[in-house]
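Chain naming follows the written order as A, B, C and D, and within any one chain the residues start at number 1.
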Amino acid sequence: MGNRVAIVGIGQTFHKSNRKDVTLQEMVGEAVRAALLDAQMKTQDVEAVFTANMETFENIFLPDAMMADETAAFMKPGLKVATGGTAGASVVEEGFHFVASGLFDTALVIGFEKQDCGDTTAAITGAVTPVWGKGVATGAIGEFAKQALTYMQKTGAKEEHAAMVRLKADKGACRNPYAHLRLGLKSIKEVLDSGYLVWPLKFLEFCPQSSGACALIFASEQKARKITRKPVWIADLVTVHQEPFRAGSFGDPTGKEEYSQDIAVDRLYKRNGITNPIRDICMAEIYEPSNWEEMSHYEHYHFCPRNEGWKMVEKGMTEMEGEFPVNPSGGVIATNPIGATPTIRVAEAALQVRGDAGEHQVTRDVHTAMATALGGPNWTVATLLRRSL
Amino acid sequence: MTTEKAEKKPELIKVDIARPRTYKWSSGKYLGRVYKEALENKKLVANRCPKCKELIWQPAAVCGRCNVEAGEDWVVMSDKGTVVQYTYLVFPLWDPHYGDRLANPYPTATIKLDDDGVFLVHFLEERDPEKLKNVKRVQAVWKEEGRGRGLGDILYFRTIDE
Amino acid sequence: MAEIMQDRVEKLKDLDVFVYHGKIFIPNTYTAGLTGSRFLIELRDNKRIMATRCQACEQVYVPARSVCKYCYGQLTEWVPVSDVGTVETYTVDGHSNGVQPMDPPIIYGIIKLDGATTGLVHMISGVDFEKLAIGMRVKAVFAEKRVGSILDIKYFAPLA
Amino acid sequence: MSERVGIVAVAQTKYSADRADVNEGELVYEAVKQVLQETGLKFAKDVTGGDALNFGIDASVTCSQDHWDGRTISNCNVMSYVGGHHSDEDKVAEDSLNAVFTACARIMSGHQDVVLVATHCKESQADKWGIENTALDPVFLRVLGLDFLSGAAMQARRYMYKYGITAEQCARVVVKNRANGLKNPLGQGTPAVTVADVLGSQVLASPIRQLDMKPASDGACAMILATEKKAKKLCARPIWIKGVSNCYETHYLGDRDLAECDALVKAAKKAYSMAGITDPDRQLSLAEISEEYSYQELLWMEGLGLCGRGEAGRLIESGTTQLGGKLPVNPSGGMLAGNPTVVAGMARIAEGVLQLRGEAGERQVRGAKTALAHGFTGVCGALQGVMILGKA
């Protein structure tokens, strides 16, 4: 069997809407430098470099080769993967396989996106080519607006619940120096009055376009124990892609189709002896492009029964001090450099397991954490991290 | 002197590049059949998976859910249907295929076509947000000339009262 | 602005297959970053080619760069390099690719400027194609109207 | 290598200058269908008690490029055709040799036993120069209007100058590969040429002439990799991956002497050491090298240590690398006979597998036991990949 794999280094940029002070190479280099510093390693100690982003966002072809010098990949093995919004987690999967295989003892795993040099919604619209449907796209925003409407009608959730989720996210973001949107919201009223972006989604209810990068350093077991006293083990990782839903892009209003989220966590929980997720897992960093999605995902990740995601919010269970904290980092609704976002989820979950999340460290002791990613037509990557294996 | 200069933010140079790239996307055989039926007969067709018996949309050589070959069991679908979901853009969206910033003039809806038809994403003719709320039954309005663009042969779906 | 090409759909001769002739057009705005901007501003304002130096690795990077590829150190020392250098390789590019700043033929070359340890990829002009040779000495010719772009160097011409 | 990884099935479409008759999914399915039929494998989630095999394909690794497919999240084009529904799928955005490298790692990690790898590219549908231009640094290189041809031309010039390689020697590569290509039933039928034809063809970017460059090509390739145990259940003669590695060059063309290919030297060294190869030119039965431009076969041969620096020219003149020579290079015809970018790396591996299984027909290298497959991505070989395949 393969090596066990641990995260021994974590680095992020300070995610912002614009980073005009750095080129793409330099921005990604910042995250790499932070990860090397965190692990007290030098570039020579890194044996391979794996990267991920969505090329059409910057309209840069083969960006990994372009940034080889700045990401310590010069004269080293490595490669780039690109799926959809899940790209930042697909690269975590490949890093996991490559280090476990024994081909490399250490590897840099990097997700990045510099959205200040392109047009994100235009790039997403490019996911459907004109030969199939020209001009019908409303971008991801439109899709999630439809989702929010369906969730409201199906579960009886109120706009106030969605606003409470947004407030929770902002509380976390304000305690996370790397987060992009740190608004200092005081009450749900501010969210409710923020005007519609795409009905029924309001301005504050959808993720920003950010520029940022996140770099992790993976190490095999015997290497990891030499590098750090606090390795975070990748216990397991499940990727589930799927065909587009017949009646929607990110959700199935007919209620007849299985979600990749459910399939992914079923496999993950069964393989790792998890019978009661919010007991056996201590916290989660999930990929929620909108606050409505967060409530729906509570259900798809079996944190609560179907149609009761909003009740967890009402009882404050997922607050930082709550019974099952979710997205203490502020989540995707506060920070979304798309290629890096899934990698950030793994990084933030790992910081919680290490107890190094500083101001946004959750109250509950975290020995096990889950990070998820959403992308493409509702694809899912679920990663399980543990303090000890 | 130097402190004053230090405060001045350093000038940052940007490089603007705006170059379209041409593409020739092929419909392939299965989507080509949708183009042909729309062009010649103003009909919407899809092929049915022999295993799960569901209509495959976007028509393809394989049913991805069953991992079996889809074959040529083509079904003509009604071009009437019921609106399941809709949304409209508040802001113009840069559409890379037009190379322009367009606010889609029409709302985009998911329409369930009658008689076990597929869920089709297309435009609604109705643009008034208030009236949109009670648009339920709709029917396709086909172009009379200039067809040959598959689903683009339908201008939009018009509200029908049934 | 490139004219917006009209889409068209063509049915293949003897097949029920249709080919959609279209385009993808997303304008982009890239930043040169702090280091790159200073290099370009020096071209624009002072007609000077500046490099960043890595003392430890004895590297002088042109165009100026913020990271040394060998020691991964952050480069903060700026040094001017000569506008005269040696041609390391070149090509007389006759093919048109739709993204060139002028009509071909264009002579592209890599010029190792005196004082630099890396070559600068740029254009060469003012020389007969047959006279082009590796090892040739060339000098930067600056544009009259400079805007803060690598094209503020119009081309490199053979040293008299 | 700890757990041996076997290739149990390979398939390629018939390469063509223009496959406008199919979309990307239908194209890749032409290859995927063959490897599924050859092995009788289903996807893991579809395996029921009653099947002949009690295991299935655990994951798919696809390989394509958003820029070439003209579509964001371009793996949506092939998802249904590679069993991606409710399964593990990932897309590598490099030359496809790296996708096989990824599948190999997934199996060696013990996380997965059987992996389908599938790649496609339709060069006829996109603007090659426009795409390549966007791979270059936007501030200092892209605005100059460079693409991979002008980059390759500067490399060819430097290599020919420093090591005395001649235009005739480069032309011989084209003559050899196109002749081999006509013996390959899956080849594109690119017509044979003489040295004079090549030297007489129009200069695109000196010293590269029209016939020094590969033709546009559309195609797909699929293969199935498995653990040693399952590979032996799936086919009589699995071909083993004895060594594999890759390596990044610097992006800044001015930072390196373009006559050198240090990243390829390093990748080859690692792959050889994994495979226990010390003298590649004697121990390899054949080499399949990705060459978009004729000079590249010669330069990459030297980087791969198949001969000394500057000796590739003499090697091609001596007929050593011809079919029937001591070390045949590109019996498949290579990219110069017609392979798409992205697909080229797996096309090299597929030819290696066919040769080692003795199924290469007219172009069979007699007694082939060990084959090298090489694939590169990007301008002037920005990311070099090397794989060693063995019969035993």
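By definition in this document, a contact is a pair of C-beta atoms (placed from the backbone, for glycine too) under 8 Å apart; a residue touches a chain by one contact, two chains touch by 3 or more.
Everything numeric here is computed off the predicted structure, so don't read it as measured data.
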Between A-D and C-D, the pair with more C-beta contacts: A-D
Cα-centroid distance, chain A relative to chain B, in whole angstrom: 28
Distance from the mean Cα position of chain D to that of chain A, given in whole angstrom: 34
Chain B-chain D separation of Cα centroids, rounded to whole Å: 36
Chain B, residues touching no fewer than two other chains: 12-15, 17, 19, 21-29, 31, 64-65, 94, 96-98, 149-150
Residue list for chain D, restricted to those that touch at least two other chains: 20-23, 70, 79-80, 84-85, 127, 130-131, 133, 138-139, 142-143, 250, 252, 255
Multi-partner residues of chain C (each touching 2 or more other chains): 7, 15, 17-20, 22, 24, 26-34, 36, 40, 65, 69, 98-99, 149
Overall pattern in which the protein chains touch one another (line/ring/star/complete/other): complete
Touching residues on chain B, where the partner in the complex is chain C: 10-29, 31-33, 35-36, 94, 96-100, 148-150
List of chain A residues in touch with chain C within their complex: 19-26, 29, 33, 42-43, 56, 58-59, 69-70, 72, 74, 116-119, 122-123, 126, 129-131, 134
Contact footprint of chain D on chain B as seen in their complex: 13, 15, 17, 19, 21-31, 60-67
Residue ranges of chain C touching chain D (in the complex, touch as defined): 12, 15, 17, 19, 24, 28, 30, 32, 36, 40, 61-63, 65, 69, 88-95, 97-101, 106, 108-110, 112, 118-123, 129, 134, 149-151
Contacting residues of chain D [partner chain C, same complex]: 20-22, 70, 127, 129-130, 133, 138-147, 149-150, 153-158, 161, 202-208, 250, 252-255, 257-258
